[in-house]
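Look for chain A in each of the two complexes below; its partner is chain B in the first and chain C in the second.
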Partner chain A sequence: MGDYIIPSKYLLKHLINYEIIEPPKITSKTKEIGEKYSPEFVCTPFKYTLGTMIEALELGANTLIQFGGGCRYGYYHELQRQIINDLGYQCEVINLISGGKLINLKSLLKKFHIKKLKGLYYTFITIKMIKYMDKIDDYIRLNACYEKEVGSMKKIKEQMLKAFSETKGYFDLIKKYYYFKRKLKKVPKVNKEVMKIGLIGELYTLMEPMANYHIEDELIKMGCRVKRFTNVTYLLFQKKKAVKKYLKNFFIKYRMGSDALDNIHHTKYLCEHDYDGIIHIKSSFCTPEVTAIPIIDKVAKEYNVPIIFFSMNLNTSETGIKTRLEAFYDMLEMRKKR
Partner chain B sequence: MSRITIGIPKALPYYYLNDFWESFFSNLDVDLVYSCDTNNEIIERGERYANDEMCLSLKVYLGHIDYLKDKCDYLLIPRIEDYGNRNQMCTNFLALYDLVNNLFDVHILNYNISSKEDELKSLIKMGEEIDISEEDIKKAYKKSIKLKTDSKKSDQDNLLIVAHPYVVYDESIGKPIINMLNKYPYNIIYSDCFDAEKCNINGSILSPNLYWKYPKENIGSILMTPNLKGIIFLSSFPCALDSLVNEYIIRKIDKPYLNIIIDNIDSLTGIETRIESFMDIVTQN
Partner chain C sequence: MNCYLGIDIGSISTKGVIVNDQDEIISSCYISTEGSPIEATKRLLNKLEIKDDYIIKGIGTTGSARKIIGLMLDANVVKNEITAHAIGTIHLYPNIKTILEIGGQDSKIIIIRNGIVTDYAMNTLCAAGTGSFLSSQAKRLDINVEDFGNIALKSKTPAKIAARCTVFAESDLVHKAQIGYSKEDIVAGLCKSVVLNYLNNVCKGKKLEEPIIFQGGVSKNKGVHKYFEEILGKEVIVHPNGHLMGAYGIALLAKKNKSNKEYSHKLLDIKFITLGTECHGCSNNCELIKIYKDNELVDTWGSKCGKF
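Here is the complex of A and B:
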């Protein structure tokens, strides 16, 4: 999922004695494979991950790790394992989170002969790495629209990712982070008026640039200051605390499953903080988001902030999305001039 | 003062909780009003409020709400989260209350079913809304019986329908299909006719990592049906849970099966043809 392959690869490389095969980047071939073997109306992340899994198996993998999560995501692995076995591959699928809970960490440690202290140390570094990455990403999203030479921040980020993958230890990581952060801040900037856009929606489609057809880059190219809440740091460490606060929201009384509540609250936040427009992205058939959309729509209408909904599918045309985005942007510009 | 009327939409949670509601509210000083059976008009009404990716059953539910909204003082909309960590619910049930509250301008009676919250406490809170004392609620709750079903045993050849009750018992979605099946000399069994606890255990045998209550019980019934000749999976388009669970079970069983997904009740002729050819397979086996 996005760039998070680097910290996860780092963690596995140091913990277990297996050869690690980096899953190939999602291409149209991945989509084709995923579409072919998936059930018809399952949500799109299933198809992407299944396609990637089969491609990794072709490269010789025999153990796959599926992250799992709150909604349907926690059950993916069972069906995926069955589909893969039916196709004739011999492999094991390990799922980490199921039904909203982390499962059997102890047996996992035993299975791979991981020493507890060593495991703790490298998990700690990995978490720190993810947090740093998210911080840098947030900074780039908010500031890339001002840069003098388009794409210079992205170049620095790529250098940083490369450096991170070769991290030697905790202090090395900190040193590298501040080095690149300073470098980012020195990027020459132009002062200009920009559009403030909030990006909300379902987590996989938000975080995997292939699944949202690089919508973030597109927005930055147009000259938008993009605010996105969802990232791994938020999902793993901040969400639990935040949800309690969100329940005091005027519009909702209960948790609505997965990220629906968060998105409704974030809509309210964006409206109250003078954002020019909101973009909601989800994969098609994402049930929690589908029930949240009418409420999100209502909130945005009440504050009179324009909002656009994208439902991403494997067959969504990239030009179609671009056209809709441009139209949305033009509309925002006209509103601003008035 | 006239008695309070409480409206109950005949969709989604109605099929799970109505037996409880009936006996619970009969002990209180209120009247119950039910919406009519699902028909074309109700579905059309629901589609006006729903967005196009909602599942058919949820659209039907919104239609029932629209039908009832002027006919009663309060609408009864529970929010069901889970019955324990391994027995979770579809997210539509989690969102029902907030969805209706934001889409419609109605008075809602709401209580919460969750493993984290006591049901009785939630009911008492609900009673405060309509000015019914804590004592009365407690009494009524004690007297009310909870739903219990027993399996019907039969030596005939059985056909099992694996479906959520809100799909299979619905007048417009499931009934026409049951009528088509009744023409054939098989005994039809519904997946919710068995003891829920046993079904639950059997469900976890078939799919150890499944953590949704009702799909688990549905598939558990497959192991409990004697003389099973064929299985019909019935789901509303695009049911989130069935899309994964049914696909998984189809890969596991070696019985003849038919997977019907209903997204529009106008096009039942196509389904009739599929049922005919499926029945040919079952008879030949």
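Here is the complex of A and C:
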């Protein structure tokens, strides 16, 4: 998912004495394979991950590690394992997260003969790496619209990812992070008026650029300051606390699965902090988000902030998304001029 | 005389208008695209009667082929059809609140408050409530699309036709015809199903406040117009130039963003060729669209990685 392959690969490389096969980037071929072997009305992340799994198996993988989610995604690994086995591949699928909790960890440690101390050390570095990556990503999303030469920040990010994948230890990582952060801040900028846009929605579609048809890049190209809450740091470390806080709020008293509750509160946050517009994206057939949409719509209407909903499928037309996005931007511009 | 050209190239029809400095339409044209936007634009420009004393100060393009025609004519404004329709309509009706628009392949609703767009929606998956559905059914019934409205008005008891999906509607239509419904009733039922489909699919949860205007090619169909008024229980305005509104809007935008450039009248002689190739650089297999102007590569679209 996105660039998170780098920290995951780093962790496994140092812990396990196995060969690690990096799944190929999601491309049209991945989509095709995923779609071919998935049930039609399953949500799109299932199709993408299944496609990636099969591609990895083709490259020779025999153990697949997956992080399930808080919605029905938590059961997907089982279904996917069955589909894969039916196709004739011999492999094991290990799911690490179910219902928001880490599971199977002990058996995993045992299976791969991982020493606890070593495991802790490299997990710590990996977490730090993810946090740094998310921080840099946040910075780029908020500032890339000001850059003088389009794409210069992204280039630095690519360099950073490459450097991160060759990290030697904790202090090396810190050194690299601050080096690239300084480099990012030095990127020449132009002062101009920009549109502030909040991006919310279902986590997979938000984080995988291929699944959301590069909506972030598109927005930045138009000149938008993009705020996105969902990233791995949020999901792993901040979500629990945030949800507790949200549940105390009078709006909603129950959890709605996955990120539905969070998205409603993020909508409120965006409305209260003078954002010009909100974009909600989800994959088709995402149940938690479908439940949340009417509430999000109502909150946004109450604050009079424009909102647009995108439902991404594997065969959504890219032109259609672009036309709607353009129209949304024009609408925000017209409103701002008044 | 300074003037501005606006062209709306849709899937079914191509519309063009010339607007003068007073925002009046001085010449307009409506032809069918016939699957070839470049040829259609050339024909359109021939028919538009650009007189020798017209000085074209700006060109705007909109519609689904806006990008290529924009490139071809070197337009100064290339905008999506939602904005173009809104701008054109607001100019003619400053206090309009709802725009219903049904075109050849898409249908949209635009909600306007105090002269600015506040909300819009466009059909996503299905083309059931659009012009292409009506024209294909007209062909099936052996009727001219232009006569559709008048035939529908004759019916007193429109046939009930499933409105949710083109395929269902068509099988329902066949069924109704086979059990002996008259043509008028079936045609009226079709018009009604377009309205119902539009209200269900596109206007979900939106407040339709008066004044309401109905536009796009389908607005010429009196039957559809009648059923809109009947089902909404509100007055629905249809402007005689309703089908030109996108082109009018984009011409106004071209005027607003006018450049000092003067466009020559001989836009037509340039040869434009589009070639589609597949890039095999990675497994994305992007479909690359290369555009040649007089045998010279001017632009490449469709690459996902930015290589081209």
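FYI, the second predicted complex is superposed on the first by the 335 of 338 C-alpha atoms of A that agree within 3 Å, B and C clash if a C-alpha of one lies under 4 Å from a C-alpha of the other, contacts with A are read in each partner's own complex, and residues count from 1 in each chain.
Note that contacts are C-beta pairs under 8 Å (C-beta built on N, C-alpha and C of every residue); 3 or more make two chains touch, one makes a residue touch a chain.
Please read these numbers as outputs of a predicted model, since none were measured by experiment.
After overlaying the two complexes on the shared chain, residue contacts for A:Ser311 are found with chain B and with chain C alike. Of the two partner chains, neither chain B nor chain C is touched by A:Cys224.
Within the superposed three-chain model, A:Ile114 lies out of touch with both chain B and chain C [touch as defined at top].
Of the two partner chains, chain C is the only one touched by A:Lys29; chain B is not. Residue contacts after overlaying the shared chain place A:Arg324 against chain C, while chain B stays out of touching range. In the superposed pair of complexes, A:Ile295 makes contact with chain B only, with no contact to chain C. Looking at the shared chain after the overlay, A:Met334 reaches chain C, while chain B stays out of its contact range. In the superposition on chain A, A:Leu270 makes contact with neither chain B nor chain C. In the overlay built on the shared chain, the residue A:Leu50 is in contact with neither chain B nor chain C. Across the superposed pair, chain B and chain C both touch chain A at residues 311. If you check the complex, the residues on chain A that touch chain B are 39-43, 46, 71-72, 74-79, 82-83, 86, 95, 98-101, 251-258, 260, 284-285, 287-288, 290-295, 298, 311. Those residues of chain A that touch chain C in the complex are listed here as 24-25, 27-30, 214, 297, 306, 311, 319-320, 323-324, 326-327, 330-331, 334-335, 338.
By the touch rule above, chain B contacts chain A in their complex via residues 49, 51, 53-55, 58, 79, 81, 85-86, 88, 90-92, 94-95, 97-99, 101-103, 110, 112, 207-212, 237-238, 240-241, 243-245, 247-248, 251-252, 261.
Interface residues of chain C facing chain A in the complex, by the touch rule stated above, are 64, 79-83, 114, 116-120, 122, 124, 205, 282-286, 304.
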